[in-house]
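Here subunit A shows up in two complexes: once beside subunit B, once beside subunit C.
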Partner chain A sequence: MSTAVKNQLRVCLLAIKYNIMREMLNRVTFLTNIGFMILNNATFILQWMILFHIKEDIGGYTMREVMLLWGLAASTFGLSRIFFARAFSLPDLIVSGKLDSYLVQPKNVLLSVITSATNTSAIGDLLYGLILLCVFCFSLKRLFLFLLFTVTGAVILAAFALLLGSLSFWFLRADAFAQHLMNSFISFSTYPDGIFHGAARFLLYQVLPVGMVIYRPVHVMVDFDMGSLARILAYTVLICALAATVFYRGLRRYASSNLMEARM
Partner chain B sequence: MNRHLGIRKYRVIYRSVVMESLQYAASIAMGFISFAIIIFVFIQLWNYMYSSPGELIAGYNKAQMIWYVMITETIWFGTPSQVVTRQVAGDIRGGNIAYLMGKPYHYCLYCLAKYTGGWSIQLPMFALSALGLGIVFVGPLPDLSPLALLAAVPVVIAGITIDAVLRLCISMISFWIEDSNPFQWLYSKLLLVVGTLFPVEIFPAALQPLVKFTPVYTVCYGPAKLIVDFSMEKYLEILLAQALYLGAALALMFYLYGKGVRKLYVNGG
Partner chain C sequence: MNVIEAENLAKTFRVRQKEKGMKGSLQAILRPRIKEVQAVDGISFSVEAGEMLAFIGPNGAGKSTTIKMLTGILYPDGGRANVLGIDPAKQRKRLAYEIGTVFGQKEQLWTHLTPYDNFRFFGAIYDSPDRETESRIRELADTFELGSFLNTPVRNLSLGQRIRCEIVASLIHRPKVLFLDEPTIGLDPVVKENIRALIKQMNRELGTTIFLTSHDVGDIEKLCRRIIIVNSGRIVLDDSMDHLKHHYLNRKIVEAKLGEETALPAAEGITLLKQKGSQVRFQVDTGRLPINEALHLIDAENLEDINISNIPLETIITDIYKAEGREEKAV
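Now for the complex of A and B:
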């Protein structure tokens, strides 16, 4: 690995470390944010207990598999907002001209932007996913796959947010569109894919990356398939390349608002 | 205190927010995308759960169950709660409340007037959108009478107001600890999971009386149940529960606000 890449990674990790340290300044708020996010997510177990009380099989999933699905969705969502929180609020930076301070830094602009914020409650999401895995369906092999898919899912999710957010370089109201698509992603990702048919299934596997972030990984964890694993890894690389290309294309159109801002 | 009670000033605040919301009607309409997708997910879920449309689950047939969820989701999406959650917590944390509490209105009633102005435009827009989605994907609600629909209107308004007052109470926690957001999450999830996704009858019989004591009964279940399956006995029961809940919630709100402002510490600047 070249020194430049190593340096860049070190800078990114330091940025995330300082983001978290900044959030930890108020320890009570930091801990309540994490603890309550875990509780907040746990309320949905009740929803699934009731649904499985009515029917034993929902879209080909049992309670254990739905918990695996929920765990992966929470962990993926959490990890992406711990490491790349700013990818989800990129339109705000573009529209209000706040990218200036990143452009003058002697490091990679894209990585500097997306790692410049951390969402504290996302730590609760990440932990909740791991807790669900340990409680409902733990095995060493599954833990390894779960961690791998949490990383690929977080990267795909951030890349998807970056792609949608970059539309703001061209369209002024793209932020609302991006927000609604991200909300749709969350709505779909916590329900079994077996309940969706036809056009909805096509949308989930071909348009929104829910299939590659959640559904396919869950199928691989339940019934291992090397081909699916390879497809997920290839998709991760492809969507990252596409998101970076679109971001840098858009950056050429970026106009500063002469906003004076210091990043510390 | 008396200088805070005149209704006219709150009417002016309400009207100004209504006018403002009308300016942003197109932005509100963008919210239909997320709303339609949530409704679509629930339609798919309940289509899967029911083996046949005539099957009964907890006394509800498929159309009634989907309409129940659509009504509760309409109330959920149609009431922009940030005025009584994030904005109040932000005012307290940022110190803006020190400026607002000196105005000739009661801060809590001012927030409620703003909140009411916000949903007065948004809720009817989402209700129309839900009506369209429901008729296309589920079909008309069986046995719906216009009289029942009319009778449910005050119950819907009371439910939304109780919800706002309770959210305001939670936001006031910011007087004591910096961030009240985590408490809002828990309250929202209680409403969402226990009240919005299912009717009370779906819970085990032993739990149902307990659920009736939670805000779920007056905020979500009451309005939706009366529209889906109206009965005079249920109507009076829900109205009584709402009156009691609203009284208690308002008393708590004024108490917490009174206690909180005495604790207020303002930095100069």
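Now for the complex of A and C:
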């Protein structure tokens, strides 16, 4: 690994460590945030138990697979928000001219920006996903795949948020559009893909990356397929490259600002 | 040797325009109007190594935009910039190792961390080994007298202490050029004086080139030997401080509140600007009448309050324009 990459990683990890240290300043808030997120997610188990009591199969999924889907969705979203939380608030940084402090540092702006914040409740999401896996469908092979897809999913999700957020370099209220798409992503990612057909299915596999973040990985974990795994990995690399290209193109249009601000 | 060179540097911002009220908002959706604002309009200058340059002008003059182009934050629309032989637009990261920046209006420090942890973080950003960062922190903490609050979270520091920490953070990697954008904004006179002394010391002892933008005439008078005044994105004056002092900073505005209404005695070098009841406002040309002698003209027994200030920067700019026979453009 080159020294430059090592140094970049060192700074990113230090930033993440400092972010978590900040969140831990108030121990009670820190722990309750995590606990309530797990509890909040757990309420949906009951909803699915009732549904599967009425019908044995929903969109080709049984209770076990739905829990796997929920687990992966929660862990992916959690990991993404622990490490790359700022990717989700990029429009605010762009519009308010808050990228200046990153631009005067001799480091990769993109990585420095997206790793500059964290979200405590996301730790709850990450743990909840792992708990679901352990309770409903544990196997060593599945755990390994689950962890791998949590990482690829978190990276794809952050890249997707970055891609949408970068639109703010061109359009003033692009944040609203980005927010709608992210919300759609979250909503769709917690339902079996078998219930969607036609245009909805096209949207989930071709426009929103739900297919590559959640559905295809769940299929691989249930019934391993090397081709699908390779497609997921290739997609991860591609969307990262696309997001970085759009971000750096947009950065040339960055206008900064003279608003008073503090790094919080 | 020149460390900063700007040649016909230009930057235009596209600003969305909107008429007032809901009707204006609707019109802005249907027919958006974009206005082009020329923030920096082809300016050229150079700065020598070790120089302390004041780059000043009123709000919206293009000071911060220029500094942001020189540090690689903004891409110029025209012209070219060169800092320490590096093009900021093309080699931003390489340049960042060589320069330091302090934006008085924008904090770079993490507020929940102590200055010490912040400096360690900045050391990592500049790839400095831990041991070297440690010794640099000790050295700078001594110079900037941070000892008593080095381990206090930044959010609990006073504004003056924070600015000192911001400057130290920008010096961790021993930059050759330091860009200071309004470093004394919002500070009280005592802290301002303290910051100025530190900047001066840094320049003297380390030979750091200082590029300073400020609204405060005091900053410039006390720190810099050369001054560039910009207005509406253009350079209106590039001259030595001595020359500027002689021609433009030789006037003080005195505002006095007297116990009883008294006429100000006429004297050479004094121009009465306004008198309303017991309130009097006059200008002293210190080239013709020293300020202490001017104050003697006021009966001390009759004096209730007094304020002495420099003439506003805007007035200096107007004077420069008049001297050159030009009409000042709207800022």
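Quick note on the criterion: the second predicted complex is superposed on the first by the 258 of 264 C-alpha atoms of A that agree within 3 Å, B and C clash if a C-alpha of one lies under 4 Å from a C-alpha of the other, contacts with A are read in each partner's own complex, and residues count from 1 in each chain.
In this section, contacts are C-beta pairs under 8 Å (C-beta built on N, C-alpha and C of every residue); 3 or more make two chains touch, one makes a residue touch a chain.
Given the structure is predicted, the values throughout are model-derived calculations rather than measurements.
Undergrad: Given the touch rule stated above, what does A:Q206 touch, subunit B (first), subunit C (second), both, or neither?
TA: Neither partner.
Undergrad: One more residue to check, A:S101. First (subunit B), second (subunit C), both or neither?
TA: second
Undergrad: Just checking: does A:S256 make contact with subunit B only, subunit C only, both, or neither of them? Give me first, second, both or neither.
TA: second
Undergrad: Just checking: does A:S139 make contact with subunit B only, subunit C only, both, or neither of them? Give me first, second, both or neither.
TA: Neither partner.
Undergrad: By the touch definition above, which subunit A residues appear in both interfaces, subunit B in one complex and subunit C in the other?
TA: Residues common to the subunit A contacts of subunit C and of subunit B do not exist here, since the sets are disjoint.
Undergrad: Across the complex, what residues on subunit A touch subunit C?
TA: Of all residues in subunit A, those touching subunit C are 3, 7, 10-11, 14-15, 18, 21-22, 25, 99-101, 103-108, 172, 252, 254-256, 258-264.
Undergrad: Can you tell me which positions in subunit B touch subunit A when the two form their complex?
TA: Subunit B residues touching subunit A: 27, 30-31, 33-34, 37-38, 40-41, 44-45, 47-49, 57, 177-179, 181-183, 185-186, 189-190, 192-194, 197-198, 202-203.
Undergrad: In the complex formed with subunit B, which residues of subunit A make contact?
TA: 26, 28-29, 32-33, 35-37, 39-40, 43-44, 46-47, 50-51, 54-55, 58-59, 121, 173, 176-177, 180-181, 183-184, 187-188, 191, 194-197, 200
Undergrad: In the complex, go through subunit C and note every residue touching subunit A.
TA: 13, 16, 64-65, 68, 71-75, 92-94, 96-97, 99, 101, 103, 105-113, 117, 121, 124-127
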